[in-house]
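Each of the next two complexes has subunit A plus one other chain: subunit B in the first, subunit C in the second.
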Partner chain A sequence: MLNIKISKICLNVAVALILPAAISAQQADQAAAAKPNPHMESHIGDLTGHSEAGADLYYRYCWGCHGARGNGDGENAPWVTPTPRNFVTATFKCRSTPTGTLPLDSDIYDAMTRGFITTNMPSWAALTSQNRADLVAFIKTFSARWVTDKAGDPVTVPPEPALTLDSIKHGKTLFQKLECWKCHGPEGRGDGPSASTLTDSNDQPIKPYNFYTGYRFKCGTTNSDLYKIFMTGLDGTPMPSFADVVKPEEAWDLVHYLRTLQIWHKSPELTLWEGTPEGAAIVKAERVRNTYTGNPIRP
Partner chain B sequence: MEQFRSLEVKGAWSRFAAGLGFSVALLALLLLDCRPANALPAFARKYGMPCSSCHEAWPKLSPFGQQFKDNGYQMGNDRDAPIFQNPAYWPVTFRITPMWHRESTDKAQVDGSNGPSGNEAQITTHGFDWSGLDFHTAGTLAHNISFYVLPSADNTGAFHFEAVWARLDNLAGSPWLNIKLGKFELDNLLSEKRILTLSGVGGSYQNYHFQPFVMPGVTEGYTNGIGDNQDGIEWLGHSKDDRTRVSASLLSSNDGNPGLPTSRTYDGFFAASRAFELGSLGLQRVGGFAYIGQASTYFQYTNGGVGVPGTGIGNKGFQRYGLIGMWYLKKFDITTIYFRGHDSAWLGTNTAAVPGATLPTGAQAPSWNGGLFESHYNFNPHWIIINRYELVRMSQQAFTSNPGNLGNLDVLTFGTRYYPFISSRAGFAYHGEYAIIWQKGASPVTFSNLTTSSLLFGFDFDF
Partner chain C sequence: MHIKHICTAALATLAASALAIAEPKPAGGTVSGKVTYEGTPAKMKPIDMSKEPSCAKMYSTPPLAETVVTGTGNSLENVVVYISAGAPDDPAPSTAAVFTQKGCRYIPHVLALQVNQEIKIANEDQTSHNIHPLPKLNREWNKSQPPGTPPITEKYDKSEIFPVKCNVHPWMHGNFAVLKNSHYAVTGDGGGFSLANLPPGKYTVTAWHEAYGEQTQDVTISGTETKTVNFVFKAKPY
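Showing the complex of A and B:
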C-alpha cells in the first residue's frame, strides 16, 4: 500500500516538473522566432560565436535587465539607472568605430568583459571567452541593422606623444574651449551647469562622468581608451564625437589634462601637474574640498 | 488516514512508542544536520540580476557567482558600497523548505527480547514537515569591506549562528589579498552550503564528515568536518578573472562551536585551484585541498568528573586531503573528488595521551580513501537533475581486530529541482530527491550492515 502511494506521489511530482519545463521551452522558442535575425555569428580574433549557444546564456544572465526581446525592458529595468541597453536599436556606447556606425564584434565583447562602471552592468570576465562570443552573436539577432549595415571602420589611434607640461596646459585650454566643463564641471566633478538637464536616447536622465571620483572610464582605463571616447563619442548619450573638431594631437593634450582631474589616482600626468605651483594649488584645493561622502574609488 | 495509521501502529504499543521515539530523535538529528545553504535574493535585489546569474541552479554557484563571492560580494562596477543603495535597502534573505519526507532505517536500536536497547528493528516514518530557517544578511559595509551574518534555526526555532564574519577585500588594490575573520565556510569548491540536495541522507557530503569507527559500535571522541563552518581567519587570493584561486585558513580546533575551544590548538585548511577553458565545452577546474589539525585526547582538569572546557590537552593529529575536478560538457557537468583521511592512533582508538601512556594492543592509525562523483544536467536555468555517488573505503582500521571493511559506506542520491520562475526578487523550487546510504558494520546492536534512506518532496523558497 505504501509503495502504491509513493508511486502515485512520484508520478504527480514528475508531471508537475516536466509540464512547466515543456511550457518554458516553448516560450523560449517563441521568443527566438520573433527576432529579425534568427541566426547570427560573431568573430572575435580566432573565436566564432553562435547565436544559438548564446540564447541559453542570454536567458540565464542578461534578460533580467535587457529584456527577453532585447529592448531593454527587463523586469529590473524600471529600477536601473542608466537604463539597460536596447539591443533592438543597435546603438552602442563603446565602439572603436565612428559615431553612428555599428561597433565591431570585439567592441561588444570587450564591453561585456569589462563591464560599465557606475551602472548595473558588471564585468562578465568570469564567463569563458566562447560564452562571451556566443552572447555577442545572440545580441546581434535583435536588430536588423546587423544584416543591413556593416560595422564602421575602426578609428585610428595614433601613438601617444610624449607627456609635457605644455600638453597638459593646452588640454586645459581645450577643456574650456570645447565647453567640456558645461557637463563635466569646471573641476571635472560631473556638476557642470548642464549636468542636471542631460538625457540619453531613451529620454532618461544621465549623469556626466565624474573625474574626481573615478579612475576608470565607461569604455576602458587606458589613455588610448580615453582618446577613443573623444573620437567616437558615446552613442546614445549626450557625449558627442569630437573627431571633426579636434586634431589627433589636440585629443592627446585633452587626455593628458583630464588625467590631472583624477586627483585620487596616481598617474604620470597628475605627478607632472602637481610639480607646478599652479597644478599643486589646484589639486590641493580639490583634495581639501572633499565633499564626496563615499570612499573615492581607487585602482 | 486509516491506512496511514495502520502503517504506523503496526505491532505492539511498546514497539510503536520506541519506534516513534527513535524516529523523532532521528528526524531531529537529520533536520539539525541539514546545512543552511547560501542563495541570497538580497544580492539579486541589490544588483537587479536574476538568481540564474550567480547560480547555475541555486544555491549552486556559477563561475560568475563564485567571482562575485571571491570579490567580497562586489560586482566591481563602483555601485557596491551601501552609500550607492537606496537607504531603505536591507540585505536580508530568509530560506525555509516545507516538505513531505520519508525516512527509513533497516536496523534501529529498540527494546525487545534482549532487554532495553538490545534489539534492532526496521523503522520507517513519513509525513509533512519543514526544514530549519535561515536568515542570511550579507553584503558590503563599505567599498572593499564585506560581511556575512547567518542566524539559523532548527525546525523547533532554536537559533544558533551558522556564520559570522567580516572580510577586508582587495587589500592594497590586489585581488590576491583578502582577509576574513570569524566563523565561515571553508573554501570548498564543492560547497556543502550550496548543496543541491536536502534530505537527511543526501543533504550533506559524507566524505566531508566521515570519521572511522574505533571498533564496532564505538565512534571516535572528537568531531571534525570539512563541511562545517569553522572559526578562524582566512586569507584568500584570486586572479582578477577568478581562474586561479588559493586560500589558507587558521582555525580554532573546535569544529565551529562557539566560545573558546575545548582544546588549545589550531587547525589549518588550505585550498588551491586553477580553471581553464576547453573550447565550447565550458570552464573546467582542477584543484586540491588539505585540512590538517589536532584534537585533544583528554582534559587537564575535570570538575565533578566532567572535563573543564578549554583544558583539553594530549593533542594528536588528523589529516584530510583531497583532489577535485569540476568538468563541464556544455549542459552536463560532473564533479569528481578523491579524498584521503588519516587519524592518529590515539584519536582513532579514543586513547588519552597522558604522559607515559601507551596505545592499547592492536591499535593503529586509521586511514581511508574516499570518492565523490556528483553530476548535473542543467536543461536550462529552470531545471536541473542531480546524481551523486559517494564511497568511503577503510584502508587501515583503528584496531587490527576490526573487520577490514568496518565503516565502509556507499551513498547514492538522485534529485531534481525545478524553478518555475527566475527573478531578482525571490527564489522558489520544486524539489524532489531520493538518497540511500549503505554502511558496513554500522548497525547499533548486531554491528551488521546498516541501510538508511530518505525520500523528500518539498517547496524550497527564499526571499
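Showing the complex of A and C:
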C-alpha cells in the first residue's frame, strides 16, 4: 500500500518535472513544421467564407495564373507581368495592416473585387460577394502563416483635415524631403533616378506609379487609400512603409500634394493649386511638356 | 521500499540535470579553422554612386562591390561559419545586433545574429534609404528611413539566411544570417574563425558564402579539445 502511494507521488513529481521540457520541445516542433490548415474561414462584414466552397471557384477562375498550389506558377504565369501573386509566401500589396503583417480578410476581398490596374488581374466584382468571401478563405489554405500568425492591427486613418494651400505646399516639401522623387520622379511621372532599376521581390522589373497618368492607384481610389498606401507600404514591391517616419498630419499634406501631380485628374486639390500663380505655372508647364510616352491620356 | 529507492534515485538525477541547466556553461571544446578560396575570384566592379552625390563624395575612389571580398593568403571574407546541427538552440542575447547604412553601403555586409535577437538598423547617411530584407520563411517588410530618423528595431523568429537591399540605391546589398545558437562567426581578413564553448558531442559545421554557396563538415568534440576544420571554396571567375 505504502509502496503504491509512494510510487504514485514519485510518478506525479517526475511528470511535473519532465512535462514542461516535453511541451516546449513539442511546441518548437510545431512551430518549425507548421502546416497550412486546409479548412479556413474568412470574415468580411457579415459574410463568412468557407474554403471548401472557395476551392471549386479557385480551380475554375484563379488557378490558370495563381497555380494549382497557389504559388503563382499557373499555366499562364510565364506570360503575365507582374507575376501572379504567390499565396504561399502570404505577402500582399494592398493591406490596411502594417508592413510585414498579414492583411485583414477584407483587404484580400477588396483587392479581388477591385482587381489590379495595369496588371493581368481583373476585377472579380462579377462573382457574388459570398463567392469572393469563399475564395478569400480558400486562399488562406495555401500558407501556414495563416495558422501561426494573426493579421496585423489595422493602421488608423485619422479624419482628413480641411484642404489648405499650406497643406499642399508642405506636402511638396515632404515629397522632396522623403525623397519620393527618387523613384516617382520630380514631377511624379514615375521617372526618378532609381525608377529604371526597381525590381519586385520576385526579381521582376516593376514601375513606380506615374501620377501624370491619373490612373487609380493599385490599392484604391480615394484619398484615404492613398494615405494607407504610404503608411502600410506595398509589401513585395520597392514601396516602403513610412509609418515610423511620417506623422499623420504630414501624411495628409502629402496626399494633398500628390493629387496636384495628377494634372489630368480633376480634384479639389488640383483646383486649389491651379488657383495660385505658382501652382498654375507648374501645372501649365507640365501639360505643355507632355513628354509622357505611355498610353495617350485625353484631357 | 524498493520502488522508493528507485524513485529517489530518479528524482536525484532529474534534479541534477535541472541544476546543470541553471549553472553557467562549462568551458567546452572549440572548433576553429580558416576559410580560403582556390581559383580566380571575379574582379569586383567599382560602384557608380553618381546618382547619390551625398554618398559618392564620401569616397576618394569609388568603393568596390562586396559580393566577394578576399584577404591575405587567399582568405575569404564575409563567410558565416556556424553550428547547424548538434547544438541546442540558445536563447537570444539581450544585446542588439547593429546594422548601419553609411556611405550608401551596409556595415557589416553580412550580419550574423540569433533567432529573436533584436536588430538595430541605423541610417548615418544624408539620404533616405529603404530597408528591404527579402526572407522566404520570415515575414517580409519594407521600411523607409530618412536621414536623422531613429534606428529601426526588428527581429526574426525563424532561422534563415537572406539578402537585404535598398530599392532606392540598387547597388546596396547585404545579408542577414539568423541563426539558432550562439556558436557562429563571420570571417574577416585572414579568414579565421573560432566557435568556442562546445560541450562534447557530434556537430555539423556549415560555412555559407553569398556567391559561392554552402559547405558542411562533421566534427566530434570530446572534452575541451580544439578541433581544426578548414573550408576551401571554389572561386568562380564570373
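What to note about this one:
One rule holds for everything that comes next: the second predicted complex is superposed on the first by the 255 of 299 C-alpha atoms of A that agree within 3 Å, B and C clash if a C-alpha of one lies under 4 Å from a C-alpha of the other, contacts with A are read in each partner's own complex, and residues count from 1 in each chain.
Throughout what follows, a residue touches a chain if its C-beta (ideal position, glycine included) is under 8 Å from a C-beta of that chain, and two chains touch if they have at least 3 such contacts.
Just so we're clear, the structure is a prediction, and the values are computed from it rather than from any experiment.
In the superposition on chain A, A:C183 makes contact with subunit C only, not with subunit B. More residues of subunit A are in touch with B than with the other of subunit B and subunit C.
Applying the stated contact rule after C-alpha superposition, one finds that A:V245 touches subunit C and leaves subunit B untouched.
Look at A:N223: by the touch rule set out above, it reaches neither subunit B nor subunit C. In the superposition on chain A, contact is made by A:T99 with subunit C only, not with subunit B. In the superposition on chain A, A:S42 makes contact with neither subunit B nor subunit C.
Within the superposed three-chain model, A:T83 lies out of touch with both subunit B and subunit C [touch as defined at top].
In the superposed model, A:A125 lies in contact with subunit B only, and not with subunit C.
Touched by subunit B in one complex and by subunit C in the other are residues 6, 10, 13, 17, 28 of subunit A.
Remark: subunit C residues 1-4, 7, 10-11, 14, 18, 51, 89, 127-128, 130-132, 134, 136, 139-146, 149, 152, 167-170 touch subunit A in the complex. Residues of subunit A that touch subunit C in their complex: 3, 6-7, 10, 13-14, 17-18, 28, 89, 91, 98-101, 145, 149, 177-179, 182-183, 193-194, 197-199, 201, 233, 235-245. Contacts from subunit A toward subunit B in the complex involve residues 1-2, 5-6, 9-10, 13, 16-17, 20-21, 24-25, 28, 53, 56, 59-61, 63-65, 75-76, 79-80, 115-131, 134, 213-214, 216, 293-295, 297-299. For subunit B in complex with subunit A, the residues that touch the partner chain are 3, 7, 47-50, 52-53, 62-64, 66-68, 75-79, 81, 83-84, 100, 102, 124, 142-143, 173, 240-242, 277, 279-280, 282-283, 379-383, 416, 418, 420, 422-424, 430, 432, 455, 457.
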